[in-house]
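Should a chain be cited, it is by its letter among A, B and C, assigned in written order, with residues numbered from 1 in that chain.
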Amino acid sequence: MEKKRKINFSSIYLFIVFIILYLPIFYLMYYSFNSGGKMYNFESFTLDWYRELFGNTRMLIIVLNTIIIALLSAAISTIIGVCGAIGIWLIKSKISRQTLLSLNNILIVSPDVVIGASFLILFTIIGIKLGFTSVLLAHIAFSVPIVVLMVLPKLQELPMTIIDAARDLGASHWGVLTKVILPLITPGIFAGFFMALTYSLDDFAVTFFVTGSGFSTLSVEIYSMARRGVSLEINALSTILFFVTILLVIGYYFIVSKQNQGHPARLEARK
Amino acid sequence: MKTRSQKWFLIPYYLWLALFVIAPILLIVYYSFLDIYGNFTFKNYQRFFSSVYLEMTVSSFWYALLITIFCLIVAYPTAYLLTRTKYKQLWLLLIIMPSWINLLLKAYAFIGIFGTYGLANALLEVLGVGSRQILFTDFSFIFVAVYIFIPFMILPIFNALDKLDKSYLDAAMDLGASKWQTFRRVIFPLTLNGVKSGCQVVFIPALSLFMLTRLIAGNRVITLGTAVEQQFLVNQDWGMGSTIAVFLVIIMFFIVFFTERGVRNGKKAQN
Amino acid sequence: MKKLIQAFAALFIVSIVLLLWVNRLNASEGYTGDNTITVFNWGDYIDMDLVEQFEEETGITVIYETFDSNESMLTKIQQGGTSFDVAVPSEYAVERMKEEDLLYPLDHSKLPNLKNIDPRFLDMSYDPGNQYSVPYFWGTVGIAYNKKMLGERTFDSWNDLWADDLDNQILLVDGAREVMGFGLNSLNYSLNDTNPEHLLEAKEKLKTLWPNIKAIVGDEMKMLLVNEEAPIGVVWSGDAADAMWENENIDFVVPKEGSNLWFDTMVIPKTADNIDGAHQFINFMLDAEVAAQNTDYIGYSTPNKAAMELLDEETVNDERFYPPDEITDKLEVYKNLGRENLALYNELYLQFKMERK
């Protein structure tokens, strides 16, 4: 009896958390059907915004740009970040480890305009053409520290014996890295990847400063609409993207877990 | 030969550090000594120690602290309960997904929800509390900030809890520890790395929050981030903006050293 | 490990496929061709149908890029790296761009439609002889108020905002020049005043307004006014027009002490590649029918006299947005006060914001 009550309580808690997390999203989805044209005063149901969206090639290009930048920057920054996290973890001296970690966090604490403006100066000095490349580089740059912060705690939990083996990671110990360490920190790596994705999708200020040559992302487009009022086309777009992502995530999850079900032993071994 | 092969995978990370952290930070320190005409000056630092900016620093700290604490209070149970669900990885992804929707859109949704005639007040009416001002208060500001940062807190804690060896808990229970004792003496210390990492990724960026201070708090909250934003963009006083940014970085250094030490001690306590 | 490698390989493959798709789209839209101009404007600040019409008429492809504030646009153009052919800054930004030599002088022989512009809005102090800029839209700063929520009350002076019974009722637009400006105006000083004593006086007076201020907000002002979140807003006329369009209880007034007259203008930055195309675009936007259609879409006040004849009577005769001469005479354009004075404005504004309670 008591156990059952506990389960109910915890599902209620989770339910409330999810409701709050999704409330604003349902709110903006609801208004994507508003004929009134704004995110308030619902007038009547319409699909006009969706219709308009599908005829808008410029918007399609912007969406694709956003996705490409997000995926590539998250993937590359995850690779760099994992290397960095292992590096920091391997350092014995406490002072140098803390210094390195502090340096790592500088981009997280710096306000976006500062990052954007200094990257802009940097790119113009180096002579990188503003556009796809500069935006990609910038997104990789500001995503690396978050990956490090997500991976590091996983590394710190590894048992001492592995640390010792890893400390003298020579050519012969390449196996320790790929066969032991990486599989053990995989959850941290995925956490880092998804956080990097989040950073990239949401960034406005940095992207704005380092973009050019007709290259634009969704965030830049949305923020620049603020003065005139964000078009409901954006709400329609967010709704579609959201459902596509949910389908992809759920689909992927079940494919993967089905594959693993066939080989429970292998899964265990890999863990 | 051996030392070289040990460090090869650190090369991309150091390259990143040099190019996107060290170079911009040097640039910012350089700018912080320039006045609006580009002449060398210490005035910006003098100005920072005037009452306006000190007050701002204190209030930024206070709000960041509140945001972090509330994030932790909500995130820990959520992460804990998530680890006990059936499709935990899927649920975790669903927690992250709302953060892929543009922040400005979500902020607009919150303005609608918290408004005088919004959903929240309608709910309060039904509950018999009566409507009150929610938008442009400390409550709404902290609520929305927690909303935004919550996935960043849940993720590392989830990863730490997920790995927790069940046998420890069973052992504790067998030894007659109460639930609270088990949590305080076993679960919490073992997940401390995750908690620390979560607090860092929330507290540090919360110090420099800027957009929400206007959208949700109506400029009734002003943080260091807002000030940097203003100095860089509106006032075009890159010198003063850089000076504040330098202080943000210094504050962050202290936080990292402080939390890192805390963790070392925590580890000792475990042993 | 295998799982990791698989996941990352899949990611890179998906990205490459998407990249190829985008490149094809860009090519088919003509964005990668030679005959293009890049227009740098606020988001949704032009009727896109007109852009298409321009493309059809001239064969030039328009790449439309957007910014969210004058200041960020300025920083971008200053740093270079991108070729913007036409930009749409506000008048104070034009002055700054002129000062920093970021603008290309306009060739008036290529802009025959310039004659359509009301001479009242030509040859302004920010750009004598319209050497560098052509007005796109214009407006004022005033008080928007909700008749339903406030009853019979009217506003004709800035000082009406300080009334005792308006506790927590006012929204201010978040701009140092705007807020300090109406503070100065309420004391009958010019909003271009640089006397530090007057500025300090204005700040002290504004401080006493705090009990009546609900929030200091940005672009979300319209939304808040329409939703009747607060009955009073100190706003740009363009925002007021938008809000009135959606909520008929809202009215707008330019106080008698005077106010600001602002312009958004079209300019050709020094970074331009296709200067001829840029002139063609500006001239096209000055065409009477085009400007009328654009005004219909945007809803701000147009400086285009020929276009006004094509708009409906009701719009053009609305004195709140096309005020008669006796009011326009009291409006002042923001002067470039120099960096030092501007810094003082900003510092005082920041102090005002910090000194609530």
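The criterion applied here is as follows: contacts are C-beta pairs under 8 Å (C-beta built on N, C-alpha and C of every residue); 3 or more make two chains touch, one makes a residue touch a chain.
Values in this document were obtained by computation on a predicted structure and should not be read as measured data.
J.: Testing understanding: with touching defined as stated, what is the shape of the graph linking the protein chains, line, ring, star, complete or other?
T.: Contact map by chain: complete.
J.: If you tally the C-beta contacts, which comes out ahead, A-B or A-C?
T.: Of the two interfaces, A-B and A-C, more C-beta pairs touch across A-B.
J.: Using CA atom averages as chain centres, what separation in Å is found between chain A and chain C?
T.: Chain centres of chain A and chain C, defined by C-alpha means, are spaced 34 Å apart.
J.: Distance between chain A and chain B based on Cα centroids, please, to the nearest Å.
T.: Between these chains, centre-to-centre, one finds 16 Å.
J.: Scan chain C for residues touching two or more other chains and write them down.
T.: 72, 75, 218, 220, 223, 227
J.: For chain A, jot down the residues that touch at least 2 other chains.
T.: Residues 39-40, 79, 117, 121, 204, 222-223, 226.
J.: Touching two or more other chains, which residues of chain B qualify?
T.: Only 108, 112, 233 qualify.
J.: Touching chain A in the complex: which residues of chain C?
T.: Touching chain A from chain C are residues 1-4, 8, 11-12, 14-15, 18-19, 21-22, 25-26, 29, 31, 38, 42-45, 63-68, 72, 75-76, 79-83, 218-220, 222-223, 226-227, 242, 246, 298.
J.: Which bits of chain B are touching chain C when the two form their complex?
T.: Where chain B meets chain C, its residues are 36-37, 52, 55-56, 108, 111-112, 115-117, 133, 135-136, 214-215, 217-220, 222, 227, 230, 233-237.
J.: Touching residues of chain C toward chain B in the complex: what are they?
T.: That would be residues 69, 71-72, 74-75, 168, 171, 174, 176, 214-218, 220, 223-224, 227-229, 339-340, 342-343, 346, 350-351, 353-354, 356 of chain C.
J.: Which residues of chain A touch chain B in the complex?
T.: 10, 13-14, 17-18, 20-25, 27-28, 39-40, 79-81, 83-84, 86-87, 90, 94, 97-98, 100-115, 117-119, 121-122, 140-142, 144, 146, 149-150, 152-154, 156-157, 168-171, 187-188, 191, 194-195, 197-198, 201-202, 204, 218-219, 222-223, 226, 230, 234-235, 238, 242, 245-246, 249-250, 253, 257
J.: Would you mind writing out the residues of chain B in touch with chain A in their complex?
T.: Checking each residue of chain B against chain A gives 2, 5-7, 9-10, 12-13, 16-17, 19-25, 27-28, 74, 77-78, 81-82, 84-85, 87, 89-91, 93-106, 108-110, 112-113, 119, 147, 150-152, 155-156, 159-160, 162-163, 193-194, 196-197, 200-201, 204-205, 207-208, 210, 224-225, 228-229, 232-233, 238, 241-242, 245, 248-249, 251-253, 256-257, 260, 263-264.
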